[in-house]
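Each of the two complexes below includes chain A, the first together with chain B, the second together with chain C.
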Partner chain A sequence: MSYRINRRIIPYLFLLPCFVALILFSFIPFLQGLYFALTSYPLLKSPEFIGFKNFERLTRDPLFLASLRNTLVYMITTVTLRVIIGLILAVLLNIRLRGRILFRTIFYLPVIAPLVTVSVVWRIIFDTYSGVLNAGLDLLGIAPVPWLTSTAWAMPAIVIMSVWKTFGWNIVVFLAGLQSIPGSLQEAALIDGASRWQAFRHVTLPLLRPTVLLAVVMSTISASQVFDQVYVMTGGGPGYSTMTLGQMVYTAGFQDYEMGYASAVSVVLLLITLIFTMIQFKGFGQEVEY
Partner chain B sequence: MRSRFSSVSQKSFKPVTMVLVLALILSTVGMSFAQSGKGLEGELTFYWYEDRFAETMQSYIAQFEEANPGVTVNLEILPFGTYFERLPVQIASGNAPDVFFLVSGQVQNYARMDVLADLGACVTPEELEPYRSAQIDFSTYDGTLIALPFTTTVLTLLVNEDLFNAAGIEIPRTFEEAWTWEEFADVLRTLKANNNLVSAMYNGGRDFWWLPWFYGNGASLFNETLDEPAFNSPEALETFEYLKALTDEGLIAVPPTAGASAQEVQQLFVQGRQAVFSGGHWDLTGLVDAIGDSFVLNAAMFPVSSSNSLALGGDYLVVSRDTANPELACEFIKFLTSAEVTQDYSERYYYLPPRSDVTPEYTEHAAIMELVASQADALASSQLTLHRGLPFYSTVNSVFGAEYQLVMLGEKSPEEALEAIDAAIAQVLAEAE
Partner chain C sequence: MTEVKHSGSQRSWEYYLGRITVIIVLVLLALITLFPFIWMFVTALKSSSEVFKWPIVLFPANPQWGNFVEAWNRQPFTRFLQNTIFITIGTTLLTLFTSSTAGFAFAKYEFRGKRILFILILLLLMLPPQVTLVPTYLMVRSLGLVNSYFGLMIPGITSVFGVFLIRQYLQSIPNELIDAARIDGSNDWGIYLQIILPLLKPALAVLAIFTFTGSWNSFLWPLIIADSSTMYTLQVGIAFFSGQTGTEYQLMMAVAVVSMLPVILMYLMFQRYFVASVALSGMNY
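Right after this comes the complex of A and B.
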């Protein structure tokens, strides 16, 4: 075999195991999921093709509509908070301050903690009568908040926990973006008489757009898949107040054993994530391409 | 007048009968040997739940293996929390255990999915006689026996005796002494006021604790022929309003989060900040460990209204339809549900036996278990027990649980919740058809 042919083939040979794994564990299950969405599939029986009946059923299922609304609320609030808090803290940690490496480590620690463990700990923190959060509020003279046992507070509680768990990742991404922007550009703006805020607003932020796009898209994708913290902290309740599409997939699939219906919910979840991602690319896209 | 045939018959009757009897004896003996040789050899996989039961289960398996050399039973313990996620995946992937446990609400559901073996061939009607009839109904699907009851459970009102004494309230121990609903509300009011409690009662976290109030008041999820919803009724409305009023008054704690652990939900009771804990006798050991010497634990008879109220729950043993050793598997669950094993298991873990020929002698908490047993006899509702066992019940239960929470939290009116529950039942029944 000639050197030229070797050069062409060998990279593909290295990529082959990865492709095989992708096909086996992502592509085929994805296609199967699409097919199952068109079937009636009690987990322990064979799937039976029923066309779009599962999707028709979704349109009149109050649980699905509640889950859809909750998922959108969760996605919008957590992504917004993750990005804003991540950006602010990244800017602060980008300044040469004493102890900033320690702070970076502390802020990143929740990211590497196991989500289920963290969820259990937060469930205890949020306990109405013995949680540390209400104990703190009590010291301030504020009445106990039924964090996880009221429909008004359960979703905010999950959002708080989720933002705490993930904003460290956004800090790292924004820090990398900030450090890739040449300092000379900001210095030039300051010399030209711009204030620090103006330099940040008109120089740093526009140059940070590709990083913001990455952070927003990745945060959106991860937020759309929310499951563990809901499962552990509230189980989708009280009522349906924290039922998300991810939790509904689990309930339909592993409690009601309706795999076809669960797959249809998954397909909707995929479409929502795709639509959000496309909107985000559209919104940031033109200015990113430079 | 005798026929020729009859005279010939009479002549040859004795030797023919002797030959037939001999042949029958030989064939029976031969068959039983063949059966024991064929049926009681081989290997079984057995799924049970929770590590705390592992040692006991292993000891039963050792007894069975000792009595049947050539038999190996491999016990696999799964955590209860993930049991009903892993089990169907194992079955769907063709790796079903030969024998496994199902909780009461899942027996009919698994039977509907056609994964359970017919036990009719190896369990005789006589062998079923000692069981509670409601539990045998539960173990039967389309006229086929598909499970054997292993334990019986009923809701238990556990109480802090010290708080009752401090409030000067007698604890009802018999059906005759049971509180009416009005009396019960007054009792909770007095307990809360006299002991400065956070809330007087914790009322369980799901249907097993909530539905008895409704069924006890004459409400029912389904009509008699099980083909229409029947929950949207004056009886159910009255029950919702009663429980909601107690919750609003702070007498019953708001329903806990579905994710809360047993330790979390029993925390206030264990700390002496709640007087009544609507729990289960099967949790006695853990609860007593948590309470320590803080107060005296006792149990009260469930308040009565117009109808029998309590569902009979429990653990059931089933054989997989795909097992390679159906006879051995069936013999194994017959051994596990034998009077001896049932007696031992009930005494160790504070369960009620599903068999009438077993009388456990509980070494501790005997008074509580005596009340639990008499409560099961006096207040068990075969109707609720049956309804909780219907194949499509889990879907109805999800909606009922969520709507119940919403009513107790004041997010929905009882009328709206009843309409929603009935609509969900109607949809489930339509899909089941």
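Right after this comes the complex of A and C.
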């Protein structure tokens, strides 16, 4: 009898280390975060319930409105670019070419590099007066672009850098997706007289739908959290032009020490991620069989 | 796979033209991808006057290898490196432990609430880190772990990818091995240590590499938890160094090269594991 009871607990004992960490450092903080968003909570004092006042304040806070707009612009542009570039390159790399492994290795290199370090590198590349990018543009007869010092160009600069950093991940995901599609299907389409483009558009692409969904959802989730490159390259400036929600959680919480207000921003960030994910699942999520 | 066998050995000139175009596109993009790495290295070797020369200096006339020493001594980078290594190794070992035990339970046991617990893991670990950032910080603070190594490791000690990977890997392993060991009198902990862990070596290698890079590169958490420069990691140190150094770009790049080197080397050595890990996590979500 004692043997039977013992056996039943064993799997839970194996789950314990993982779940203790998760409950302590993910689940409880998550619930607390939802509550703190409804409080006024200066660090070193205790939280005081104030209802939705933080959210009312957000709607009037120009810093928040700029952060929200910039985060959406950043998410939509980077996700679109990295998914499209990733898909095109994956299709090209899926052709049997000499050296395709080498290309894949190179394209994935930025993904593995530390984000903070490459942000420092790109800061120098984007330098208006001594940066190599403007030197290259000068050769083409283009006047120096004030990449990180103008409100118009700072966000595009961060988008360019971020797409460079992440498109390799999409390539690898799409390559895995392409390789899971039976080759016989495409061959059948080609034998039936379809052109390569038609075969891709009407056979491969529909079958790739789950992979596209995965790439879009994961890219969106990671884009919504953008922080390191903003912190290093612009600090959110000039003005509020590159301020993002992730950056605002940091400044509100760890520079202004307003824990309640910072939590409210993080709840908005979570909601945006959820809304985007739900729309994407609705848009792409039909079952595919083959 | 998109390749269709052409009849005989004859291939049209369009075929070769297509291939050449593809290769040109790939080579150009590969050069663009590599350029920031090359530029980082070249800049690290420039003299302070070459950094600002116009027209731009592509290769330093006299490589300044001393930049590495000078930059390294500007800040306690040796200390930052030690901290980073310590935190990275600790995080990796803890992640291997929490993932292999949980993955083992999910793969080889039947128990009440299994499905719900598994879904819960997936949901929790998909939360954007900023959502739990403030409360986790407050909790770590109340536990007195701010500015401590354990505090720095905390958010990284579980991995959804890890639990997933281990579960997946173990499901493909027949139960007979476990049953045989049980008949021989091993208890479950003994089975985990003597049978499961040795079998898991390849999966644990993938997870270790993955966790190592993630931990080495992490920034936001060490930024808020490391209160004093004695606890900074390399990434935090570099971010502050780049903020303070102003225009000594050659020194910034020298530090950048050093901080990047371990992950790049690891990547080049274990390249196929990285690709396997993305493909695997990609397939399963």
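Methods note: the second predicted complex is superposed on the first by the 273 of 290 C-alpha atoms of A that agree within 3 Å, B and C clash if a C-alpha of one lies under 4 Å from a C-alpha of the other, contacts with A are read in each partner's own complex, and residues count from 1 in each chain.
The rule we apply is simple: a residue touches a chain if its C-beta (ideal position, glycine included) is under 8 Å from a C-beta of that chain, and two chains touch if they have at least 3 such contacts.
For clarity, every value in this text was computed on a predicted model and none was experimentally measured.
K.L.:
What is the contact status of A:Val132 with respect to chain B (first) and chain C (second): first, second, both, or neither?
P.N.:
Touch partner of A:Val132: chain C, not chain B.
K.L.:
In the superposed arrangement, does A:Pro62 touch chain B (first), chain C (second), both or neither?
P.N.:
First partner only, chain B.
K.L.:
Tell me which partner touches more residues of chain A in the superposed arrangement, chain B or chain C.
P.N.:
Larger number of chain A residues touched: C.
K.L.:
Mind working out whether A:Thr234 is in touch with chain B, chain C, both or neither, as first, second, both or neither?
P.N.:
first
K.L.:
Is A:Leu89 in contact with chain B, with chain C, with both, or with neither (first, second, both, neither)?
P.N.:
In the superposed model, A:Leu89 contacts chain C only, not chain B.
K.L.:
Applying the touch criterion given at the start, work out whether A:Pro146 contacts chain B, chain C, both or neither, answering first, second, both or neither.
P.N.:
Only chain B; A:Pro146 stays clear of chain C.
K.L.:
Mind working out whether A:Val173 is in touch with chain B, chain C, both or neither, as first, second, both or neither?
P.N.:
After superposition on chain A, A:Val173 lies in contact with chain C alone.
K.L.:
Looking at the overlay, what does A:Val249 touch: chain B (first), chain C (second), both, or neither?
P.N.:
A:Val249 contacts chain C only, not chain B.
K.L.:
Based on the superposed arrangement, let me know which partner A:Ile124 touches: chain B (first), chain C (second), both, or neither?
P.N.:
both
K.L.:
So, does A:Leu208 touch the first partner chain B, the second partner chain C, both, or neither?
P.N.:
The answer is neither, since A:Leu208 touches no partner chain.
K.L.:
On chain A, what residues does chain B touch that chain C touches as well?
P.N.:
Shared contact residues on chain A (touching chain B in one complex, chain C in the other): 123-124, 127, 129-130, 231-232, 254.
K.L.:
Any idea which chain B residues touch chain A in the complex?
P.N.:
Result: residues 84-85, 88-89, 91-92, 109-110, 113-115, 198, 254-260, 264, 267-268, 273, 394-395, 398-399, 401-403, 405-406, 409, 411-412, 420 of chain B touch chain A.
K.L.:
Quick one: in the complex, what on chain A touches chain C?
P.N.:
8, 10-12, 14-19, 21-22, 24-30, 32-33, 36, 89, 91-97, 103-110, 112-118, 120-125, 127, 129-130, 132, 135, 164, 168-169, 172-173, 175-181, 183, 186-187, 190, 196, 200, 204, 211, 214, 217-218, 221, 224-225, 227-228, 231-232, 245-246, 249-250, 253-254, 259, 262-263, 266-267, 269-270, 273
K.L.:
Under the stated contact criterion, what part of chain C meets chain A in this complex?
P.N.:
Within the complex, chain C contacts chain A at residues 1-4, 19, 22-23, 25-26, 29-30, 32-34, 36-37, 39-40, 43, 51-52, 54-56, 97-99, 101-102, 104-106, 109-111, 114, 117, 120-121, 124-139, 154-155, 157-158, 163, 188, 192, 213, 216-217, 219-220, 223-224, 234-236, 238-239, 242, 249, 252-253, 256, 259-260, 263-264, 267-268, 271, 274-275, 278-279, 282-283, 285.
K.L.:
Touching residues of chain A toward chain B in the complex: what are they?
P.N.:
That would be residues 42-45, 62-63, 119, 123-124, 127, 129-130, 146, 148-151, 154, 231-240, 251, 254-257 of chain A.
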